[in-house]
C-alpha cells in the first residue's frame, strides 16, 4: 500500500486512483454498480490554486480512494445526484474551502455551518475569494 | 390544505443537542423535514495548524464527549500506522477495554435517551442508574468520568492493577444483571413496541446507498462492523457483529441492546487475556505522508484522514463521524412519520451532532 | 342544605380541597421518585412551585393568555364549588368543560407552533375523555335515578358494586386529566416530549401558576367523582382513592407516552365498550 | 286584533315582496325593508301577549283558500318549468307527480269542515314566529349593506337586489304561514314556497356551481314535498281531515297513521338536511351569506324539525319514536364529526346546523316533556346564535375575501369587534350558562335511560366542542406586538351583529322566564305529559325530576369570572411582551419568525387538525350516509 | 400485568429496596484514588521551566520565568493531566476534589522564587526531549 | 402578608426550574448535566425540574462553546426568561472556549454573549460540581430577593 520514497524514512502514501472532472461521475457510477458505498469526501488544500478531492469508497471493509485535483476557481461536479449521501459533505466543503459544487441536490449555499460574520473560507491556508454558489 | 411549520430545535428538551429541523406537518404527519446544522460547529480540524499532533489527541477526544476514548484511539492508531510505531500488546488490550467500556456507557445512555424520547421516564432513569456504574469504572481507572484522556501516542497513560481488574469484573457482573432485569421492558413491553416497531423504516438497500453506518446499518440487516478490521486487540477477541433485519427503530434499539451485552463480554474477555508488559512506547519524529484510519464507534464507523508534512503540526486532519453519515438516511426516514415519532426516529440513529459538525 | 352547611362546603371547596390536592401531588412526586429509585422532592414541593411562579416577572406573548388563564381557573373552581354544593352532576361536568375550553383557547391565541399543537392535542384529549365522563355520570344516574349528588349519598351500598366497569372508565378519564403516561400527550410535568410543554408552553410566571392551580381544582373534581363510588364509609373512600391513585402512579411509571391516535382509539373503544356492558347490566340486570 | 297580526305576519311580506320586486330604487327598497322588518318584529312580539288562539277559516273576513290552491299549482308548475328548462329528470318527475297528487287531493279532500281553525297560535308557533320574524328581520337588515358590497365586488351592471330582497321577504311570510297554519294542505303550500325561495336564493349569483347546487336543493326538497303530499293524502283519506289538531287528537290510538306520519317526518328530514340529505345544504352555502343565515340555518331548515316537534305527540312512546331519536342522534354525531374535517367556515356552520337539527329531532324522538322543552330551547337559541355566526362570517368574508377559517387566523388584529362577537357567538354554542348548552343538558338528561342514544349524544357533544373551540381560539391568535386596527363598519352591519349577540346573551339569561311563559304551557298541554315530570323553575333554576340547572346563578358567577378576567386582561397590558417560543431560533428583528435552514427567515405557521383520514368527507361520507339510510328505513319500518 | 408492562416488577422492587440517590451536598462520597480534580502547583518546587505551558493542549498555563509567576486559567484547563505527567519536578498535581464553582472570572496566580541555577538546566533538558 | 412574602421567598429558592441548552458542547458536559437529573444524583430533591422552555425557567444551564450561529440562540433564550433568573456556565468550553478557544468558528465563553452568574469549571465537571453550581445560583436568588 505504502510506496517507498527516496528519503531516509518511508513516507506512507495513500493508494489512490486519479480521476478528472469529466470522468468522475462515470467512475462513481462504476463503483456504485460494483457495490461500493461512499464513505466520505476529503478536501485537502494544496496551494493557492488547487485542492485535492478524495473520494473514499468501501466494500466489505476494503477501501478504494479516488483523487481529483480541483482548481479552486471552477465548480466541481456534484455527485449528490448519484449518491444522495454526499450532499452533506459537499456542502461542508463549500463552507470550509469555498469550492462550489455543480448540481447539489440540497444546497446550503456556503451557510451550512457558518454565519455571515465568519463566512469566509476558514479551512484554506491560502485565502481565496468566496464565490456565491449558483 | 394548510400546513403547520415547526422549528424543531436548536433548543428542544427532547433533543439533547442543538440540531434544527424545519418540520412541515399536516395533522401531525411530517410531510417535509429540512435539517439545519452549524449550532455546534467549531472547526476543530483546523486546530491542527496551531496545536501539535500530541495536543491534538486532547482536541479530538473532545470532538465528542460520549465516545472520546474511541476518537483518541482512532487518531493514535492512524498516526501510529503512518509513523510505523509498534504499540505494546498490553496497551492494545487496555485501549480495547476502555473503548468497549465507552461503548457500554454510550449505549446505555442512548437506550435511556431513547426511552425518554417516547416518554418512558422510569426506564430512562433505570438505565442511567446502571450507567453510573460504568462511569465509576471510568473514573476509578482513568481519573475522569467522561473524557478519560488515557491515550497517548504509542500506548496508554494508565495501567490497571489486578485489584482493579477484579473490581471491574464484579461491577460488570452487576451491570449485566441489572441490564438483563430490564431486558423484557426494552424488548417486549407493549407500549415500547407500539412506539418503536415500524417507525423510521430504512430498508437494506436504502441504508447501503445512503451510506448509513453502525447500528443504523446493522439494524437494516447489513453485518458490517469495523471491529472486524482487527485493530487494537480485536484480533484476539471473539465476537460476531450484531445484526437485525427489520430496519425500524425497534431493530436499531435491539442492535444496541445486544451490543451492550456483547461489549460487556468483550471487556471481560480482554481483561482475562490481558498480557503483561509495557503500556506505551516513546514516539519520535513527526508524521509525514498520508494515511487513513477506521474504527468502530458506538454510533458506527469512524474515519480519519491524516496528512503530515514532516513538522509537528499536521497539514490536514479530516474526521468523518458516523452521525455525519447517518444524517442523509435520517432525512430519508423523517417524511411520513408522526410528529410524536420524530424524537424517536431522530434518536434512533443515535445522533451525535457534536461529532457531525466538529 | 342549611346556610352553615353551604358555608362549610364553600370553605372546603375553595381552600381545603386544593390544599389537599397540592399535598397529594407532592406525595405523588415523592412516590414516583421512589419508584424510580430516587429520593424525590419535598412533599410541599408543589406549593413551592406555585409560590415561585407567582413571584416571577409576568411575561406574555398575547394578552388573551391572561384572560383565558383566569377563566380556566374560574371554570374549574365553579365546578368544584358546585360539586360541594351537591349540584347536578351533568351540569358540573359542563361547567368544568368551560375551564378546559378556555385553557385551549388561551393556548391557541399565541401564534406559537408548540402551543398550538398542544392546544389541538388538548382538544383531542377533551373529545377522548368527555364522552367517558358523560357516560360515567349517566351510569350514576341509572344506578341512583337522579343526576343529583344527594341521590348518591342516599345509597346504602357503594356505587362501585353496581358500576365496577364504569369505575375503570373513570380511571381512563382520570389518567388523561392528570396528564399521566400513556396519555401525557398535550402537556406533562416534565418537559421531555416533542412539543415542549404543549398547551402550557406559552403560559408563564403568574399565569402558569393560575393554570396550575386550576389544574388542581380539576383534579379535585375528578377525585370527587371517584369518591362517589364509595360514598358509604370514610375508610372505604380513602382506601379506594388511595389505591386508585397508586395505580395511576404505577401506570404512569410503567408505560411510555402514546400518540393521540392510539389515545383516541383506546379511550373510545375500551371506554365505550366498558360503559356499554356496565350500563346494559345495570339496565337489564 | 290577532287577525291583523296574522295578516301582517303572513300576508304583508307577500305584498312587500311584490313591492320590492317592482320598485327598483335603492332608498325606497331600504325604507320598505326596514318597515317590513319593524312590522314583523313588532307583530311577532305582540303575538306573545295572546293566549293560544285559533283562527277561523277566514282571514280579515276573506277566505284565502282558493287563492292558496291557485298559488300552490303556480309554485308546482314553476318547479316543473325549472326542471324542464334544466332538463333535470328527477325534478320533472317529482314536480309532475306532485301536480297529479295535488289535483287528486283537491278533488277527494273533504270540504273544509266549518268551525275548524285554519290558523293556530300556540306556544310552539309563537316561538317559531319569533325566530322567523325577529331573527329573520335582523338578517335582512344586515343583508342591505352586505348585498351592496357583494354586488360591487361582483361588478354587476344591473343590480339583482330587487329580486333578492323580494324573495327574502316573501320567504318570511311563507315561513310564518308554515308555522302558524293548522291545515296540512296549507302547510304543504308554504312548504313548497320555501323550497322555491331556497332554490331561487341559492342560484342567485348565477354561477355554474350555484345553478348546479340549486337544482340539487330543489330535487331533494321536492322529494320531501312528494313524501309530504303522499302522507297528507293518506291521512286525509283515512281520517277525513287534514286539520293538524284533529290529527293529533286522534293519533295516539290510531297506530295505523304512523306510516303517513313517517312520510311527513321524511319530508322534515329532507327539509332539515338530515343525513343522508345533507348535501343540498352544503351546496347551498354558495349563496350570499344572508341567505345561508336566514334560510339555511336559522329558519327554513327549522321547518323540518318543527314538523317533528309538532307531530311528536302523535308518535311518542312508539318504536317509531325511538328510531326517530336515533336518526336525529346519529345525524348529530355524524355531522359533528364531518364538521371537524372542514376548513371552510360556512361548511363548518352548515354541518353544525345539520348536527344541531339532528339533536332537536332526537329530542322530538325522545318525546318526554323535558325533551320537547329541550327541543324548543334549542330551536330558539340555535337560530339566534347560528344566525349571528353566519352574519359574522359574511362580514369577515367581505373584509378578508375568504371564508376559510385558516385565513381568519389573527382576525382580532384586523376586525377586533367582529372577532370578539364571533368568539362569543361560538362560545354561546358550547358553553354553559348559555342556552344551547342548557338545551343539550336537558336533552342528555332526558335521554339518559336510552343507553345507545346517550352514548351517541355524549360523543357528539364532545366533538362539537372541538370544532367550535379551535375556531374561537384562532380568531384571537395574533402576535403580541401586532398592531390592532380599529374597525369601522356601516351601522346596518354592526347593529344586527350587536343585536344578535345581545339577544343570545339576554335570551340565555331569561331562559327560565321564557320557560315559564312559553315552553311550560306548551309541554304541559302535550297529551302524554304527566304533570309531575314537567320541569319547573324557581329562583332562576331550572329543575327536572332528575337534575337542576341554575341558569341565573351561573350567569352571575360567569359575569363575576368575566369581570375578573377582563381586569386581568387590562393588567396584562402593562406586562413585558415577548415572542412565542420558537426553540430559541427566532430572528433578531422579528420575534415571530425564525431563522431556518438555508438562511431563510421562516414564519412558523400553524393549522388546525382536520383529521381528514378519520373524519374527512371522503373517509366517512359513504359509511354515515349508508347508516343514515338504514336508520331512516328502520324508522319508516317502525311506522308499520 | 407483568407481561404487558414488564416494568411493573422493576418499579415495585425499587419502591421497597434502598434508593440509589447519593444525597450529595449532605453526604460527600470519597473521590476515587485517581480522580483528576483541581490543578495545583506546589510552587516551592517549581522551577519555572515552562514544560507544562508547552505541553498543555488548551494552552491555559503561562509561566513568567523572570518574575517567578506561574499562572493558570482554571476556566480554560481541561483537566487532562498532561502537564502533571510532563512536569520534571512533579510539583504539579491534580487534587482529588474538583475545583469549586465561582461567581466571577478568576485566575490562579502563584508567586514563587525561580531558582536561577536550575532554570537553564531544566530548559535544556526540555529542549532535548523535544 | 409577611408570612406570604416569606413563603414566596422560600419558594423561590426551593423551586428552581432549569433550562438546559447545549450551546455547542462536545456532549461531555451535556450528559453530566443530564446525569444530575437521574436517580443517582436526583436534583429533584431541590425541586429542580428540567422544563426545557425558557418561559418557565429560572436557571439557565449552558454547556459548551459559543459559536457564531448559536450565540443568537443563546441570546434569544436568555431574553425569553422572566426575572429573576440565573445563568450557570458549565465546563471549560462554556467558561472560555476551552481547547477550542482558537478554532475558527468559536466566539468564546458564554459570558461573551450573556451575563453569567455562576461558573462551573471542569472538562466536564462532575455532577457534584454541577449541583454545587445550582446551589450557588440559589444563594444568589436568596440574595437578590
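All chains are identified by letter, namely A, B, C, D, E and F, in their written order; residue positions are counted from 1 within each chain.
Everything that follows uses one rule, which is that a contact is a pair of C-beta atoms (placed from the backbone, for glycine too) under 8 Å apart; a residue touches a chain by one contact, two chains touch by 3 or more.
Since we're looking at a predicted model, the values are computed, not measured.
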Both-way neighbours, i.e. chains that touch chain F and touch chain D: A, B, C
Dominant interface by contact count, named by its two chains: C-D
Per Cα centroids, the chain farthest from chain F: D
Middle chain, criterion being Cα centroid separation: C
Length of the line joining the C-alpha centres of chain C and chain F, rounded to whole Å: 33
Chain E and chain F, separation of their C-alpha mean positions in angstrom: 22
Chain centre separation in whole Å, for chain E relative to chain A (CA means): 41
Between chain B and chain C, centroid-to-centroid distance (C-alpha), Å: 43
Touching two or more other chains - residues of chain F: 21, 39-40, 42, 45, 50-55, 69, 72-73, 77, 80, 82, 98-99, 102, 104-105, 123, 126
Chain A residues counted as touching two or more neighbouring chains: 111, 113-115, 122-123
Multi-chain contact sites of chain E, meaning residues that touch two or more partners: 5, 7, 11, 14, 19-21, 23, 57-58, 78-80
Touching pairs among all chains present in the structure: A-B, A-D, A-F, B-C, B-D, B-E, B-F, C-D, C-E, C-F, D-F, E-F
In the complex with chain A, residue positions of chain B that touch it: 34, 37-38, 41, 43, 45-46, 49, 81-82, 84, 208-211, 224, 226, 228-229, 285, 288-292, 294, 301, 303, 305, 307, 315-316, 318, 320, 324-325, 327-329, 332, 357
Touch list for chain C against partner chain D, complex: 57-71, 74-75, 78, 87-91, 94-95, 97-98, 101, 104-117, 119-120, 123-124, 126-127, 130-131, 134-135, 138, 141-142, 145-148, 196, 201-202, 264, 268, 272, 275-276, 279-280, 283
Chain B to chain C touching residues, read off their complex: 4-8, 12-14, 28, 115-126, 129, 189, 191-192, 194-195, 338-343
For the chain D and chain C complex, residues of the former touching the latter: 409-410, 423, 427, 430-432, 437, 440-441, 444-445, 448-449, 451-452, 454-455, 457-459, 461-463, 465-466, 469-470, 472-474, 476-480, 545-550, 554, 557-558, 560-562, 564-566, 568-569, 571-573, 575-582, 592, 604-606, 608-609, 614
Touching residues (chain side chain B, partner chain E) in the complex: 51, 54-59, 62, 120, 122-123, 126, 129, 132, 136, 139-144, 147, 149, 157-158, 181-182, 184-185, 188-191, 284
